[in-house]
Amino acid sequence: MSRKLKSGLGKSTTDKIFVRGYDLTEELIGKVSLGDVAFLELKDRLPTPQESVMFNAIVVTLVEHGLTPSTIAARLTYFGAPEALQAAVAAGLLGMGDRFGGSIEQAGQIVDSHKAAKHIIPGLGHPIHKPADPRTTRLFALAEENGFAGRHVGLMGLIAQHATEAYGRELPVNATGAIAAIASEMEISWRICRGLAVMARAIGLVAHLQEEMEEPMAPEIWSRAEDEASSEMNSDRV
Amino acid sequence: MSRKLKSGLGKSTTDKIFVRGYDLTEELIGKVSLGDVAFLELKDRLPTPQESVMFNAIVVTLVEHGLTPSTIAARLTYFGAPEALQAAVAAGLLGMGDRFGGSIEQAGQIVDSHKAAKHIIPGLGHPIHKPADPRTTRLFALAEENGFAGRHVGLMGLIAQHATEAYGRELPVNATGAIAAIASEMEISWRICRGLAVMARAIGLVAHLQEEMEEPMAPEIWSRAEDEASSEMNSDRV
Amino acid sequence: MSRKLKSGLGKSTTDKIFVRGYDLTEELIGKVSLGDVAFLELKDRLPTPQESVMFNAIVVTLVEHGLTPSTIAARLTYFGAPEALQAAVAAGLLGMGDRFGGSIEQAGQIVDSHKAAKHIIPGLGHPIHKPADPRTTRLFALAEENGFAGRHVGLMGLIAQHATEAYGRELPVNATGAIAAIASEMEISWRICRGLAVMARAIGLVAHLQEEMEEPMAPEIWSRAEDEASSEMNSDRV
Amino acid sequence: MSRKLKSGLGKSTTDKIFVRGYDLTEELIGKVSLGDVAFLELKDRLPTPQESVMFNAIVVTLVEHGLTPSTIAARLTYFGAPEALQAAVAAGLLGMGDRFGGSIEQAGQIVDSHKAAKHIIPGLGHPIHKPADPRTTRLFALAEENGFAGRHVGLMGLIAQHATEAYGRELPVNATGAIAAIASEMEISWRICRGLAVMARAIGLVAHLQEEMEEPMAPEIWSRAEDEASSEMNSDRV
């Protein structure tokens, strides 16, 4: 006995298209911004004005990070397969895994156990932005203004404080930690938090590929790496 | 002599982060919506109010299409690799290729040559939405209101008219065709048009995976396909 | 002070190409089989005759599994992006994650803790092949013949025995478990074991796409899923 | 009326597994090499001894190319998502597109039209290996020995000769061109030729990731690219 397939996201008839129950052409196109439709997709309703400010703030934070392993991989992929821009964006997204996808879930683990293992604590500290991550300051201020500075945001601050003491150096909440805490306030599941970064970064990756089309760096990165590694290779057999 | 790597998208110092030259925390977070930052990433400036309406309208159109090969592939991938949500989104994006990524470029090709080869004309016609695609009606109305109903939009209409006559059936401009025409009006390169769909659909794919987490359909699709194909397989050797 | 990039895998001059120190045209092409070059790539030397039999046996086991979420996702991706066969194979590989990539590492964890959580024990049991997985029987026989039935293979058997008792039902070593144990005997790191499946399945995925080119099933899977989910969708708003 | 799904690749019962109609454990595991199973997957029969030599020669040629955009992208992806080795291999495959996937089909196009447009002719010439690609020499010698030096191989040679004259510089058949010609002799469809590279390179990519696990270069490539591009960025706004 097979189970019925169900989906509540999209539906269409000959003259109407619905997204999450809203009439796409009458209620969404030209009336609602991209960020608000992203909220609708995840929460099954349009945001309040406060939620709209807060949610857009979160995803805007995540769009662009300059040259990272992810954007470089996308550019190298585009170099090899210019017929498939979508594959280059996908290659970029593939690197958005455990190393960069910290979450409030992980951040909630006992800090000391990480210290012993010299692990990086997800959501805390930043190699460049010290002592405070300016995005956190801004996001937490917005959370305060819009009514999202609840117990998750408070907890994240306590973890940072405890970690700073335990490690003996500044470990403030970084942008990832702030976003995880605020997403929890907005009742966005921690399991989908990585998806916020993925959807935002897809935008950034398209922009990187546009730049790569105009002024390519992939061939240069390739030839430098190949030349350097070739000059170094030595083997008993060669 | 190696070439210098350059990128104008992101930059950061210890206390400041810049995206396309804008101060991320002071000028963008909490002030600008996700759609407007997407515009900024591609065009290197923030949109005018009219451009903002139009650009958000375009990408909102592209976010959600219900169950498609792309969303089903994403769900099947998530089933096998739940540790890597980013890979499931990437798998979904990989299918957004030539079949679904029509552009004004392609649409501009001579209609009759397609007719002879029984090709689908990119940007024209829709299997369900007849005689008119309701999204096109809405997008072209917004283009009119916001000053983007220029010669590309006009040309697209002429192609549709010509195709309808040549084929002897209704071939109105569909949403892809409308978006391609309007993107051209906004001076967004046809080479990046597929990227608009990719960035928008990344949002939709995350929502599909959220639904899949809560109510999975991948195992059902798998077992049905496997059962059906197994029952059918016959070979001289078995 | 930047670190030097190094790689020992490939090198070429104007008239010679080396792979792992071997002259590609003089020592490998026409002389060594694909499986043996895969061994060379991972182990930095060509296999002994016994290692060759055993290694080829392992990867041959992993090539083809019929219609799975992975092969279906590849076919759906090819449907959308026929210009990029490589992307369809990649989409198929993306699903070869935690659910299907059990390893001796995971198998070595205490069986009872899994029982309590009703987890599947990696490397043990099979939904169809009962009481014994025929591939395990064959692989362990080959391991015996070729001198690879050492302590890892013994340990895997003990775990299966213990699990069968703890759960009160047959939980024999499956093909994944057998491969993990034998790979350990061959000193192939558990961290690369998933890679054996990936390289083998890449072959299988290409074959599935060839079949899909000739007799497509993706459109059918799509339309069935969409029809079924659409007929079911109900929303308070629609 | 829905169409029946069919697949002839894999099938299993409780005690038997079949691949292309062969009993996996009795006829393939321990008896047939990986390369021969790849042939079986594509051609629906095991190879003759001559076909086995020739097919293995082709795919062995394609396994390893050292540091390329594809292997670098795989390493960068692994850096970000070490939990999902399969995604790093997939990212590497994604770059194996039009730029690197020449085929006899493309090679068969009129040479002069390419000359006018200063295009690279697929299958001809090599930036390093001059005047002759040593792999071509070896592959064509094997084709001669094993009975695959038919009209496609002859045609490829003629195209090279014509191109060399038309361009006024050495444009010998490269490895891609040789493989495309021989694959045609073996009645492997040009549409699946890119797949030969994909399956072979999947092996190479796993080896690159194994090396990356032991001696990472991704962080170095990242930090160099980022430092260089940051130092260069200038914008009217910053």
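For clarity, chains are labelled A, B, C and D in written order, and residue numbers in each chain start from 1.
The criterion applied here is as follows: contacts are C-beta pairs under 8 Å (C-beta built on N, C-alpha and C of every residue); 3 or more make two chains touch, one makes a residue touch a chain.
Worth saying up front: this structure is predicted, and the values here are computed from it rather than measured.
Following the contact convention of this document, C, D is the list of chains adjacent to both chain A and chain B.
By number of C-beta pairs in contact, C-D leads when C-D and B-C are compared. Greatest centre-to-centre distance from chain B is found for C, with centres as Cα means. Residue numbering at the chain A/chain D interface overlaps substantially, since over half of the positions present are found in both copies. Inter-chain spacing, taken between the CA centroids of chain A and chain C, is 30 Å. Rounded to a whole number, the gap between the C-alpha centres of chain B and chain C is 33 angstrom. Distance between chain centres (mean CA atoms), chain C to chain D: 20 Å. Within chain D, residues 5-8, 11-12, 20, 66-67, 81, 83-84, 86-87, 90-91, 94-98, 217, 221, 225, 229-230 each touch two or more of the remaining chains.
Chain B contributes residues 66-70, 72-73, 76-84, 87-88, 90-91, 94-100, 217-218, 221-222, 225-226, 229-230 to its touches with chain C in the complex. The touching residues of chain A, when paired with chain B in their complex, are 2-3, 5-17, 19-20, 24-26, 28-30, 32-38, 41-42, 52-53, 56-57, 59-61, 63-67, 83-87, 89-91, 93-98, 101, 128-130, 134-135, 137-139, 141-142, 189, 191-192, 194-196, 198-200, 202-211, 213, 215, 217, 220-221, 223-224.
Residue ranges of chain A in contact with chain C, taken from their complex: 4-8, 11-12, 18, 20-22, 81, 83-84, 86-87, 90, 94, 225, 228-230, 232-233, 235-238.
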